[in-house]
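To start, the structure under review is shown below, and the notes come after it.
Letters A, B, C and D name the chains as they come in the text, with residue numbers starting at 1 for each one.
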Amino acid sequence: MSTSGHSVFRRLLRHPSGLVGLLIIALVVLMSASAGFIFPEGPWVLGGRPRTWPGVDPAFPLGTDALGRDMVAALFYGARVSLAVGAAAALVSLVIGTLVGAIAGYYGGWLDDVLMRLTDAMQTIPSFLAAIAIVGVVGASLSTIIIAIAVVSWPMIARLVRADFLRLRTYDFVQSCKIIGMSDLRIIFGQILPNCLAPIIVSSSVLVATAIITEASLAFLGLGDPNVMSWGTILSTGRPELRSGWYMTAFPAVALVLTVLALNLIGDALNDVLNPRLKERKS
Amino acid sequence: MTTPAPSLPEQTPQTGPRKVPSRAMLRYILRRLSQAILVMLLVVIGSFFLIKMAPGDFVDTLAGTSDLTAEQMANLRARYGLDQPVPVQLMYYIARLATLDLGYSPFNNAPVLDILVKRWPVTAILVVTSVSISMVVGTLLGVMAARFSGKPVDLGISILMLLFYATPNFIIAVILILIFSIKMNVFPIAGFATIASGYTGWEYIRDVAWHLAMPVTALCTFFIAIYGRIGRAAMLEVLTLDYIRTARGKGLTERRVIYVHALRNALLPLVTMAGLQVSALVGGAVLIETIFGLNGMGRTAFDAVFQRDTNLLLGVLFVSSLSVVVVNFIIDLLYMVLDPRVEIK
Amino acid sequence: MTTNAPAPLLEVDRLKVSVSRTVPIVEDLSFAIAAGETVGLVGESGCGKSLTALAIMRLLAGNLSVTSGSIQLDGEELTKLPEERIRSLRGDKMAMIYQEPLTALNPVMTVGAQLVEVLRTHRKMSKREAAARAVELLALVRIPDPAARFNEYPHRMSGGMRQRVVIAMALACDPKLLIADEPTTALDVTVQAQVLRLIKQLQREANLGLLLITHDLGVVRQVADRIVVMYAGSVVETGTVAEVLGSPRHPYTVGLIAARPSGSFAVDAQKLVEISGSVPSPEARPKGCVFAPRCPNAQDDCRASRPHLLPTTGSHELRCLHPMPASTPLSAPVGMPS
Amino acid sequence: MTQKFPTVGRRSFLAGLAASTALPLIAMPGKLWAQEPRAGGTLRTPAWPAPSVLNSAISTAGPETFLGPKMFDGLLAYDFGMVAKPQLATDWQMSDDGLRITFNLREGVTWHDGEPFTAHDVAFTFMEVLKVHHGRGRTTFGDLLAVETPDDLTAIFVLETPNPAMMRALDSRESPILPAHIYEGTDILDNPANTAPIGTGPFKLAEYEIGSYVVLVKNPDYWEEGYPLLDRMVIQYVPDSATRAAMLESGQADAVFLNMIPAQDIVRLDEQPDFTMDTRGFEGMPSAQQMDFNLDNPILANVMVRHAIAHAIDPEWITQNVWYGLGTAGKTPLHVDQVEYYTTEGVPEYPYDLDRANELLDEAGYPRGDNGTRFELMLDPSPWGTESITASAYVREQLRQVGIDVTVRTQDFGVFVTTVWTDRAHDLVLYTVNLGVDPTIGTQRFYWSESYRPGSAFTNGAHYMNPEVDALLEAAQVETDPQARRDQYAEFQRIVMRDLPVMPITNIHGANIASTRVHDHTVDALGVLGGFTRLWIEE
């Protein structure tokens, strides 16, 4: 991509959905960054009367959960965990997906065949089921959850990258790099990869969004990390209270939906900014 | 006036009537089949090692619920071959699988096949209905948005789809139960059909439909959003193409232009997408089946993981992968019907 | 306007087509076509020829629209017609052939279905009748083995074949007016001539009014009765083929003719651009004569106000304050800056 | 791989159970008794998990325990307070030495297949099935030498030693009588009747969809004239507890038994006029939440540390906020419902006191480090139900306050059990457990040195070894004098609470919640684990 990151960002800001998305994400980032300052004791302090409704006690503007923990603190720390899970899982799956896709696409042949069958297999297994199995079997910790999500989401990236590599490796600039004796590694990472960053960047925002939802879904099934306060955790502990204190479910749900929505808006905007041609047609 | 590039790569013109040579078809099916077998073998091996990686086997889980002596546990392990090294167990499993023997589920006291025969239809109906409904509704919404592109209708639909896209299905499920079962009491919350109702024929179908209304809706929303968004984009692109102008130039009604000429072309990327989404739907079914008390493949797999019921888990994965492979094959055939430019080579 | 026919089949009068209803692309465009007459509409690409065709068909898309002027077909004002009525005219009384045969046909429908569709839209025909007629039409446009081709998908046909199908589709309901927008541009040279001959022949047989849009003066000279030269959205010169090509007066027309490769009337667009700069964009059109910036004869009055289209001799009309002398020989070099 | 295995089930079922005989506090509203019982109708109840077999003689897991008594009878039943009353045995006499018990059996009882019920069935069931295949039966009937059958209607139990606990285990839940003519000479665990039961009970199996539902219908030939009242019972297996609650609330289910919906929903629905909670009938399965200390951990081996932790945790808070008041804060290793033996007299207490906890930890030689932390511990909550996981969040926060950094580790059932009882890789383990109808049966295993058996779940996971306690437990096992036995258990409670290898958290009170249209699901000590012969539903 010849467009510099800076100009992409400026164009995103001019894009209406990009702007809205960035604003929401900025808010979420702000929440997670400030959580430690505003609530230095952490989100687990059993500070209030359990199940205090929002607006009743000024010390707890959004009320307290079933154990008397401040909903605001929980939401702030939850933002931190949900974003971290989303970003880390997306990053790991980007790395795996890019490597697999690049190797398969660049070398082709049997290596491509093997890697693509592996990708097929991964895509054939219902990914959420695979994530459940991994987390269930290895144990529910933040790192397991991140790895589980990454392990099930890389195939999409691999396909994307492979398709671009297949196309680009025949181009003149690649051929000439080979002729002057450049190493495969340098051609892959120095020459071809920078040329297929656009779709990767676009899909990464969707990856983050999917990862956040997956984490919440796992937590909903009781497979969250009990030592961290994610929005999914708040949701699943709040759900039994749904009928008596719906706010315990509603706040994290709204936070979750808004964040995912914002990430998708950014994805759409990036798509428009980076690929004038409609990208969605390529599944 | 410049012409936009055609939506799909043009092939060199060929002459002669278009017929699918049966030999080529057979070769194609064989190739797909061998690929599928390889893929499913990978699925089985991968999941086998995954579950074997877990500490404890089903005998341990069993011992937790009933008092077993060490001797009884050893006997059980021998009975189920759990005392063998893992690769040997795998070999046995694959050898049995080759004869379509899926083994026995100790936790359910029944052959895996017997269990899956009951549970596969639940998920299959859930997923197929959801795919169909999301495709139809999503496509219609997408078409409508594209047709009124830039107008309030488009904006409304786009916002709705964004919301659908961003709301996890379990949240939707919870909201649906709250509104339609607890507040209004219109739909049954749990189960696939009224138990021991004695319904037959249409009565039974209606009963099942009633039971599946909420689960399908909850499962659909996300996919409606996906199809809607892709449908809108595809439609917008197709509507700029020359043959649409040709169709209008022929004096066709707008309805015919949109639904006959544009839609069939815009459907192509949607159909491809549907194939990719089937396994995602089965995954999503885990949550939906749990919440709505449906005993399908998703929930079965979930329980099997926690019971270390290796045979059952592998059975579910095997059968659901097989279904995904078959569905994808059908979708490829469908694609060929929809797009005459794609041919078996 | 001054044909011998009592009432013209198509009459375009001071047509104005604009983007976003504000920026005019086609301005003050007037011409007429009588039944059985062929009018060639020529100009560089981007001068508004195709837009004119689409405006007549009422197929302007997006933010393009007719903002003033009138288009009358057989005395019926097309610009004001309700959508339903115009739909019934399209493909029936007037039809169009497009520039790109490769993309003009729906790839997922058989050519037969696309032909039958137009027949059944405008004529009360059973499926069987329509199919039979469609095969006849395919035969009419000289497609070999038409019955077999009926069930063919477009991608299995060559460009020339597909253009014949498009022509068959256009002629399906015996239109009175046929608009052909660069019908041969995308085709091989050998096929070009065949298709052109076919169109001309069919036009004569059916006594059609034909609006032939092209940048190829050679085609116009072969086929057309009269010629309308457009530049930057308006007519700069019009008249019979003999008048305009025999004695071009407008410096632009002279340039067009001069730019053609020797021995042919085809205008080499590349060459033309080299000679004369480029067509101004609709937003950047000068206040005076639109051609003034590129015109060798341009003087101050040209830049002050826009000249009108005025009759000279016969049916020959001209929009120029300082035209070339009437006797300029066809092949004489024109003093344009290179 | 076509062998079947019997005793299979999931602990979650029993784990959520609670017991409370001593607390008929929740008075049954008068309106419940206002109407005459009516025959007919269908009872719909959601449950989870689903059974593996439909025979509670070979599986002690929860789902089987609920279903079994509907289809099978026991020799005896028990009124509230565990007072024995007739079922298949009409009367019984114990010899003076307590070694021979003669049961006179009911006449005219037939199996669901029409065969007559005889003393042979009783002998076969106890000697061939319960003694061999029943999870607890091996212990309970270990002393049973033979069952003599002088005639078809007399069964005489011959014991090696007096067994006071056995007489509390002869009901249809714990010791259902199986048909000898179906099982004799077969591989009992592999018998098809295990999933198509033939019993003498009030209901017969009509439909069984593995993992989905069970439909039972009235046994028209039941020996008790006029009973059961219900025509049909539909038990639907629904994994999500909130869904089960929604089914009850929307009227799509008539009752939810055995705490199978979240406590907050039970309490909330109970406040509505359409639903009634009943906490009776749990005395057969007193459940408790407790936290074991792994005494092999050098830090936890220090009794001051354990006392400090006890001071930092308020069981009353957990009882109120995690169990929503459906329980009593734990004070001794026994359950408050084990009324005969439960005592707090002279039993050490650890009132909630963070300062005291900090002091004790300082004294124990674990000063706070630079970051305020003294040491780190791992806490494993049991994965079934949500209460232990929720409570562990509280424990973690409380211990943070006294400088102990706790990591909560949630794992699935298999890994949890392996981690704690096989690998012993735990520090603290917080779980719910059935303390048994008699302390010998359910409580002893956590404190007896001989039940320190790595590899065997729910045993002495603390690795508590106290000869004094061993002696008391072993003596109480065979003690026939009630007062002596009471004294032994009182002393046991005092010593254990002083040593504190296990911290009692909550004595859970089981609860059933039903529509007010549903009557008489609990009529004796077995509660809803009985035969439901008296249960009736208003039209």
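Criterion: a contact is a pair of C-beta atoms (placed from the backbone, for glycine too) under 8 Å apart; a residue touches a chain by one contact, two chains touch by 3 or more.
Since this is a predicted model, take the numbers as computed values, not measurements.
Asks: Between A-D and B-C, which chain pair shares more contacting C-beta pairs?
Replies: When B-C is set beside A-D, the one with more contacts is B-C.
Asks: Measuring between mean CA coordinates, which chain is farthest from subunit A?
Replies: Farthest from subunit A by mean C-alpha position: C.
Asks: Pick the chain whose C-alpha centre of mass, unweighted, sits closest to the average of all protein C-alpha coordinates shown.
Replies: B
Asks: Round to the nearest whole Å and give the separation of the Cα centres of subunit A and subunit D.
Replies: From the centre of subunit A to the centre of subunit D is 44 Å.
Asks: Centroid of subunit A to centroid of subunit C, CA atoms only: how many Å?
Replies: Going by mean C-alpha positions, subunit A sits 54 Å from subunit C.
Asks: Find the geometric centre of each of subunit B and subunit C from their Cα atoms only, then give the gap between the two centres in Å, rounded to an integer.
Replies: Centre-to-centre distance between subunit B and subunit C: 52 Å.
Asks: Based only on mean CA positions, could you tell me how far subunit A sits from subunit B in angstrom?
Replies: Once rounded, the distance between the two centres reads 23 Å.
Asks: Specify, in ascending order, the residues of subunit D that touch 2 or more different other chains.
Replies: 242, 249, 412, 415
Asks: Spell out, as numbers or ranges, the residues of subunit B touching 2 or more other chains.
Replies: 54, 174, 178, 182, 290, 305-306
Asks: Give the residues of subunit A touching no fewer than two other chains, as numbers and ranges.
Replies: 136-137, 239, 242-243
Asks: What are the touching chain pairs in this one?
Replies: Pairwise, the chains that meet the contact rule are A-B, A-D, B-C, B-D.
Asks: Quick check: in the complex, which residue numbers of subunit D touch subunit B?
Replies: Subunit D reaches subunit B through residues 1-5, 7-11, 44, 46, 49, 52-53, 59-61, 135-136, 138-139, 194-195, 206-207, 209-213, 215, 232, 234, 236-240, 242-244, 246-247, 249-252, 412-415, 417-419, 422-423, 455-458.
Asks: In their shared complex, at which residues does subunit B touch subunit A?
Replies: Result: residues 35, 38-40, 42-43, 46-47, 50-51, 53-54, 162-163, 165-168, 170-171, 174, 178, 182, 229-230, 233-234, 236-237, 269, 272-273, 276, 279-287, 290, 298, 301-302, 305-306, 313, 317, 320-321, 324-325 of subunit B touch subunit A.
Asks: Can you list the residues on subunit B that touch subunit D in the complex?
Replies: Contacts found on subunit B: 54-58, 60-68, 70, 73, 76, 79-81, 96, 101, 103-104, 106-111, 114-115, 118-119, 174, 177-178, 181-182, 185, 188-192, 195-196, 290-293, 295, 299-300, 303, 305-308, 311.
Asks: Which residues of subunit B touch subunit C in the complex?
Replies: Going by the criterion above, the answer is residues 1, 3-4, 6-8, 10-11, 13-18, 240-243, 245-253, 256, 261, 264-265, 338-341.
Asks: Touching residues of subunit A toward subunit D in the complex: what are they?
Replies: By the definition above, subunit A touches subunit D via 44-46, 50, 66-68, 136-137, 139-141, 222-223, 225-227, 237, 239-244.
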